[in-house]
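My questions all concern the structure below.
By letter and in written order, the chains are A, B, C, D, E and F; residue numbering begins at 1 in each of them.
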Amino acid sequence: MSFDLLSSGLSILAQVENPPTTAPAVVPVVNPADTAWMLVSTALVLFMTPALAFFYGGLARSKNMLNTMMMSFIAMGFVGVAWALVGYSLAFSDGNKFIGGLSWAFLQTIGTDPKVGTTIPHVLFMAYQATFAIITAALISGAIIERMRFGAYVAFITLWSIVVYAPVCHWVWGGGWAGAAPGIGALDFAGGTVVHINAAAAALVAAIVVGKRKDFGRQALLPHNVPLVLLGAGALWFGWFGFNGGSALASNASAATAFTNTMLAPCATMVAWTLLDLLRTGKVTGVGCGTGIVVGLVAITPAAGFLSPTSAMAVGLIAAFPSYFAIIIRAKTSLDDSLDVFAAHGLGGITGALLTGVFADETWGGAGNKGLLNGNPGQLLIQAEAIVGTLVYSLVVSFILIKIIGFLLPLKATDAQQGVGLDVVDHGEEAYSNGEGAVLILENESTSTPAASPSTIGAR
Amino acid sequence: MSFDLLSSGLSILAQVENPPTTAPAVVPVVNPADTAWMLVSTALVLFMTPALAFFYGGLARSKNMLNTMMMSFIAMGFVGVAWALVGYSLAFSDGNKFIGGLSWAFLQTIGTDPKVGTTIPHVLFMAYQATFAIITAALISGAIIERMRFGAYVAFITLWSIVVYAPVCHWVWGGGWAGAAPGIGALDFAGGTVVHINAAAAALVAAIVVGKRKDFGRQALLPHNVPLVLLGAGALWFGWFGFNGGSALASNASAATAFTNTMLAPCATMVAWTLLDLLRTGKVTGVGCGTGIVVGLVAITPAAGFLSPTSAMAVGLIAAFPSYFAIIIRAKTSLDDSLDVFAAHGLGGITGALLTGVFADETWGGAGNKGLLNGNPGQLLIQAEAIVGTLVYSLVVSFILIKIIGFLLPLKATDAQQGVGLDVVDHGEEAYSNGEGAVLILENESTSTPAASPSTIGAR
Amino acid sequence: MSFDLLSSGLSILAQVENPPTTAPAVVPVVNPADTAWMLVSTALVLFMTPALAFFYGGLARSKNMLNTMMMSFIAMGFVGVAWALVGYSLAFSDGNKFIGGLSWAFLQTIGTDPKVGTTIPHVLFMAYQATFAIITAALISGAIIERMRFGAYVAFITLWSIVVYAPVCHWVWGGGWAGAAPGIGALDFAGGTVVHINAAAAALVAAIVVGKRKDFGRQALLPHNVPLVLLGAGALWFGWFGFNGGSALASNASAATAFTNTMLAPCATMVAWTLLDLLRTGKVTGVGCGTGIVVGLVAITPAAGFLSPTSAMAVGLIAAFPSYFAIIIRAKTSLDDSLDVFAAHGLGGITGALLTGVFADETWGGAGNKGLLNGNPGQLLIQAEAIVGTLVYSLVVSFILIKIIGFLLPLKATDAQQGVGLDVVDHGEEAYSNGEGAVLILENESTSTPAASPSTIGAR
Amino acid sequence: MKLIVAIIRPDKLNDVLKSLYKAEVRGVSVSHVRGHGGETENVETYRGTTVKMELQEKIRIEIGVSDHFVDPTVQSILSAAKTGEVGDGKIFVIPVESVYRIRTSEKDTAAVTPVAVKA
Amino acid sequence: MKLIVAIIRPDKLNDVLKSLYKAEVRGVSVSHVRGHGGETENVETYRGTTVKMELQEKIRIEIGVSDHFVDPTVQSILSAAKTGEVGDGKIFVIPVESVYRIRTSEKDTAAVTPVAVKA
Amino acid sequence: MKLIVAIIRPDKLNDVLKSLYKAEVRGVSVSHVRGHGGETENVETYRGTTVKMELQEKIRIEIGVSDHFVDPTVQSILSAAKTGEVGDGKIFVIPVESVYRIRTSEKDTAAVTPVAVKA
């Protein structure tokens, strides 16, 4: 969806949202074709969260595999419920310029009539938005895997989805300050700012506050399963078609444009990333290929429906550079943003949001949506404002939130716990097991080994 | 789809099926938007069978991984063909109240004109239903993995799909006794009874007749690959959107409702399951998370299009309890329902079917479809009747069927075979191999090792 | 799509493409329902490439896992970009009977208005076709895994997609000689010739020119991860619904037919393959099941929208035989077509293309599209001509191309490199690693071990 | 001091561990091996290729014991690991010159005596 | 009685097994190890991190033999496992005090003599 | 000639390798084992089943050395692998009769002396 609904090609219906010229005659009606595409898009975006679990999990060490995956999966539970209960209302119901109200809390009054300004049932719009809230929260986990305690993490992302994600979403898509005025607002087709920059800022804060892994910088921490990283990257790409293509909220030309760009931009990023890899190390890496795909997808997200496929390839190509070098440099610092959430989603999102202000083209993105190259240099500034606003808010509020949680719950696993691995410590399971040496404990059996009590390492 | 097609929002077209007021003027025509959604839904439901293969396979031990996966995959072949040849006709063609006829056997007369009562090509409706028959049969395998012989299993599920699944499907969706009278029939939106309770009853019978694994109760039988369990759970959820959302048979408000509920109910189940885990063992398990997702999906299946999203979350939440505790208790009994098909699908389905009779709401589910909380306590009884009818029929006929097969084919692997693992015994393969010690056998070569003859352990 | 667009049921719109009776009154307009289905189809077909990466990767040895997967993934980058820049124009823009022009190079003039002859935005049609070009190129890799150098491979498939794929695509779907005349052209619904026979011919050439693996015929080269093979097969099936169903280019009866046939044909192949396995070795193998699914999908590809579901099952059944026995025989020859691309895609495609000429039926495929069994024996000859034409062109040009590349870049890994595995040699990574013995290299550190210089084995 | 190396069936590991525990043997290290002995081989088929798996999954147990513990340890393995079918495995008793406990740098007999755990 | 422990290249396992078979050595146990010797190291790169893999994949073979079998066994491994490149591995011959066959509780020489199989 | 077998914590492998390198020990072979000693056990829960994991991940290091190298090797392992917590592992020193270098068929001391590599 765009900051400016008029522009996304839904000219007739968008008038409903356009205050000056309220269109009295348009009776909102559910369009079956648009609904079909949005049903599919919602399923695709929900599927991105398991995909992310694989992408992140494959990059972790095997003793933390389950913990890493669960950090994504659990977002579907807790953030999903929080969104239905209050998040959606705070983001999308009427409120002030900074936050929505509670009139839609507990999904009150939300039915199957079309959401105003769209042609799809309101419940479906809510479900579609829920999948965005979930994946955004899950993205944060990449920065703090292998040491953040699971309880604190769940508390953090659940509350974050309410106090950070919902307001930022309101600013941009829910009637808030950033997206309010058609033609002069920032352009963010599918969430470069709301999703990626926002999550990356929170990830940065979390990585710093939680601190680095005990082995970071001392040992090589290698991905335990690169095929799963590629599985995740492939499935993310698949799901991203719903993320960007679905953001047109209809099965129309805008969706087709966003879709095509979501395909071509990562192709170009992959080519650029591959050649950078080749020049630097003489080899084309699989982890690099997966990372390049994600960076390309992130970069095209804010731009997807606003520019031509050729421009999309340019965006994908350019976006490879800042993220590629940031990842290399980050690894040499003491910042343990373990899976480079900031380099991939933060820088990728910023590059994409700025380039949207460069390449946006009225022919593709609708009247009024044009960037620097089409004679509207001011758009670049507007884009920068939205980026900075989101960064500042997310950094500050995420910091306060994680500090508060740190008072109530242990944030970080001890060195001994990190040694054992968080799968055993936080989940009492191993990802890969052959059952050797596993002894059944029956209820009323006295323990039969020298260890008198259950492991204290794994205790909370 | 629902017991009562009128209710699913297709008011105009459904009149065709409604005997008293036959609508002469309606010329059935394929609706492209509905077709698009049903094409997607069919693909999604077919994809659930590979997803199930992973969910089940990850929970098995590695020496039985392939066998477990093949039990799902093979259903796509044998049950798929059986369905096209006779199953579909027995389930959906005109017949008596208990079973259809053979007029559609071998897909005779089934073309691309809309199936009566729908707006999609008849072939597509048949294909959609085939995916249901396949996944239902495959579900059974969870109860008898790691010891049932493959040949007997294939015979069992193929025949079962004809003598148990097709009739029960006919009762409910094909014009039989259980779904015949609109407004007074049982409510089963997407197959809580036909699919889940039905499969769970057969699973229970199979687990008992085949008997338990040699190591059951003596050794800890741990999942060999929990990430694959989560992959399976994530992919099942994705596919389930087609299962429930597609059961509206159209791209309309009912589909959107069913879809949204299919998203929110498992979110709530996951939260409940997680908290139960935490309270009981102090840890949130990954296997529990995957199981919770499936239970939530099962529970919302009969209810999906009949209630509000808030009620769906209530259903998801409540459904966690019976299944959670049943799994714990079952593990302490001598019933080796290895992957808890009955606890997850049986109890989940029963809970969901009963709660449909509690929460069903005309606002969401269409005229006449209301439950206890909306002033129709009788619905709960009707739901119970459908549950009991299905349970009894499935238990009895499944028992007779598996006993007959047991006379003709070996049902159970010997202890020695179980020790080797069914991958080698029944498939002559290993799931994970590095080729060490594997010697090529060329056609006219005399064996070059002391073993004079090929292994007899693996022989049929 | 078909050689003959008239036949695919788009009667009104197809007239636009039919030179004699240009329909002046039809204003091309984007149809939202068709667009929704094609958006989904495009996503599904793109997803087939990661799926193929798993199918192929699981069959490789673990030391070549990443290399094998990367051979599929990299096609999304390089072939995707090449397609957008020139391939699409050469295939689909106006030109002569053998190749298109460059008027659409760099995607010039391609916008969101419907592509002539379709009801979907032109950009979307281009994106859909791009996914075909990508998967076709990636298919080739199965013949040369575990020894072809990555650089030469990338050069080969990228150029191949321009000099072989684009022209053949033009012949058949872009206005070239093979598909020019409606009613008398060859029938190829979704690419049996263009995609499968074409790729298989190139694979054969590559396998012969690159030569066999050092261990081929001497050691047993076993699949390292059969569950991933099944994951790949399941995901390929899922994606293939977009491949075949989407080739109707609309959400209509033809799509439903193609879809249903794409489901039933592999079911029948799986049954046949399974029984062949059982008769020959007494066991039903998992690798066989996955292979059977792919063969069934390949065989139904050219036929999908032209015949009845019952005929589709016959095609699936028959297609099992040539491929099954070819695989067994091939393994005994010195031809190291490592993953049997020719046996599966070449023979499967040929069988399917010929059987299309046998079973095609006007009732299902539209006026004029009928085969031997429906009184049009000539069709079989036309089919054979298209097969031979494609085979010859692809064999010859692929041979010249790979020979040229062989002059410029090393084609084959040395025996020592093959011993180490191409993951380390070409990508500098291991698929599965636990980080043991991995020592971090910091920038300005002098190497601390006897090995004075980095490995030369892995050097380019 | 001796090092006892036993190759056993994977199925029997838990039984052997239990039996060793009863024999008051506390320290063991366990690993996977694949073994060839007098057992019959599995024949496997992968597409066109038929292979004979000459190696079977086995478990290798390594136990450092002081001399008077050798016999009870061997006996408890023999009794727990036996099925009577070909393929039950072997036990090797190997002389050891010295043993160290890394935690304390204790040497020889002191190093193999288990210590109480303060949980 | 001796225990022969050989570290060889993974590529060479099947050749060694064949060679041992010809030398009439029947019982072997095989496992994975990763070794470091004089070999050059692979350099790998994962995103920003460059690492040197100091350990290479190797195979460890363990063979219990009676004394007069030591030499033929060692020779057959030496000949089959050799490539002449750095990294071919090592063979260790270790004294063994006693050997048991678990299936029969036979001891020492009787325990390492292969038995005929009734398939 | 001796064979030194050490069981250590996985975390400590890289430290031990570095320490061995400093002690000029070049040849090592490393494998995974799971061990039981005096350590506490992890309790894991899989659905209804609660299990006690009696075996912990450990690393087994095997080093063939000439006699005068035994002590430095043992000392460098002892110092690098120690955490002071239960579970640090053990070192066994085993007599070896002969050692061969497969590449050259050299025997005994010559076989364990590292060779320069021409990269």
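The working rule: a contact is a pair of C-beta atoms (placed from the backbone, for glycine too) under 8 Å apart; a residue touches a chain by one contact, two chains touch by 3 or more.
Note that the coordinates shown come from a computational prediction; the quantities given were computed from them, not determined experimentally.
Enquirer: Under the document's definition of touching, what chains do chain C and chain E have as common neighbours?
Expert: Common contact partners of chain C and chain E, which must touch each of the two, are A, B, D, F.
Enquirer: Return the chains common to the contact lists of chain A and chain B.
Expert: The shared contacts of chain A and chain B, listed by label, come to C, D, E, F.
Enquirer: Averaging over Cα atoms per chain, report the distance between chain A and chain F in Å.
Expert: For chain A versus chain F, the centre distance works out to 44 Å.
Enquirer: Between chain C and chain F, what is the separation of their C-alpha centroids in Å?
Expert: Computed from C-alpha means, the inter-chain centre distance equals 50 Å.
Enquirer: What is the distance, in whole Å, between the centres of chain D and chain E, each centre taken as the mean of its C-alpha atoms?
Expert: Roughly 18 Å separates the two chain centres.
Enquirer: Report the inter-chain centroid distance for chain A and chain C in whole angstrom, where each centroid is the mean of the CA atoms.
Expert: Computed from C-alpha means, the inter-chain centre distance equals 32 Å.
Enquirer: By the touch rule stated above, which residues of chain C touch at least two different other chains?
Expert: 31-33, 36-37, 40, 219-223, 281, 283, 285, 287, 332, 428-430, 436-440, 449-451, 453, 455-456, 458
Enquirer: Spell out, as numbers or ranges, the residues of chain D touching 2 or more other chains.
Expert: Those would be 14, 17, 26, 30-32, 34, 36, 38-40, 44-46, 49-51, 54-55, 85, 94-95, 114, 116-117, 119.
Enquirer: Mapping chain-to-chain touches, which pattern fits: line, ring, star, complete or other?
Expert: complete
Enquirer: Taking the touch rule as given, give the residues of chain E at its contact with chain C in the complex, in rising order.
Expert: Listed in rising order, the residues are 9, 11, 14, 34, 36, 38-46, 49-55, 85.
Enquirer: Can you name the residues of chain C that touch chain F in the complex?
Expert: It is residues 436-439, 448-453, 455-456 of chain C that touch chain F.
Enquirer: Mind pulling up the chain D residues that touch chain F in the complex?
Expert: Residue positions touching the partner: 1, 3, 17, 26-32, 62, 64, 94-103, 105, 111-112, 114-117, 119.
Enquirer: In their complex, what parts of chain E are in touch with chain A?
Expert: Residue list for chain E touching chain A: 44-51.
Enquirer: Hey, which residues of chain B end up touching chain D in the complex?
Expert: Those residues of chain B that touch chain D are 219, 416, 419-420, 424, 428-430, 436-441, 447, 449-451, 453-458.
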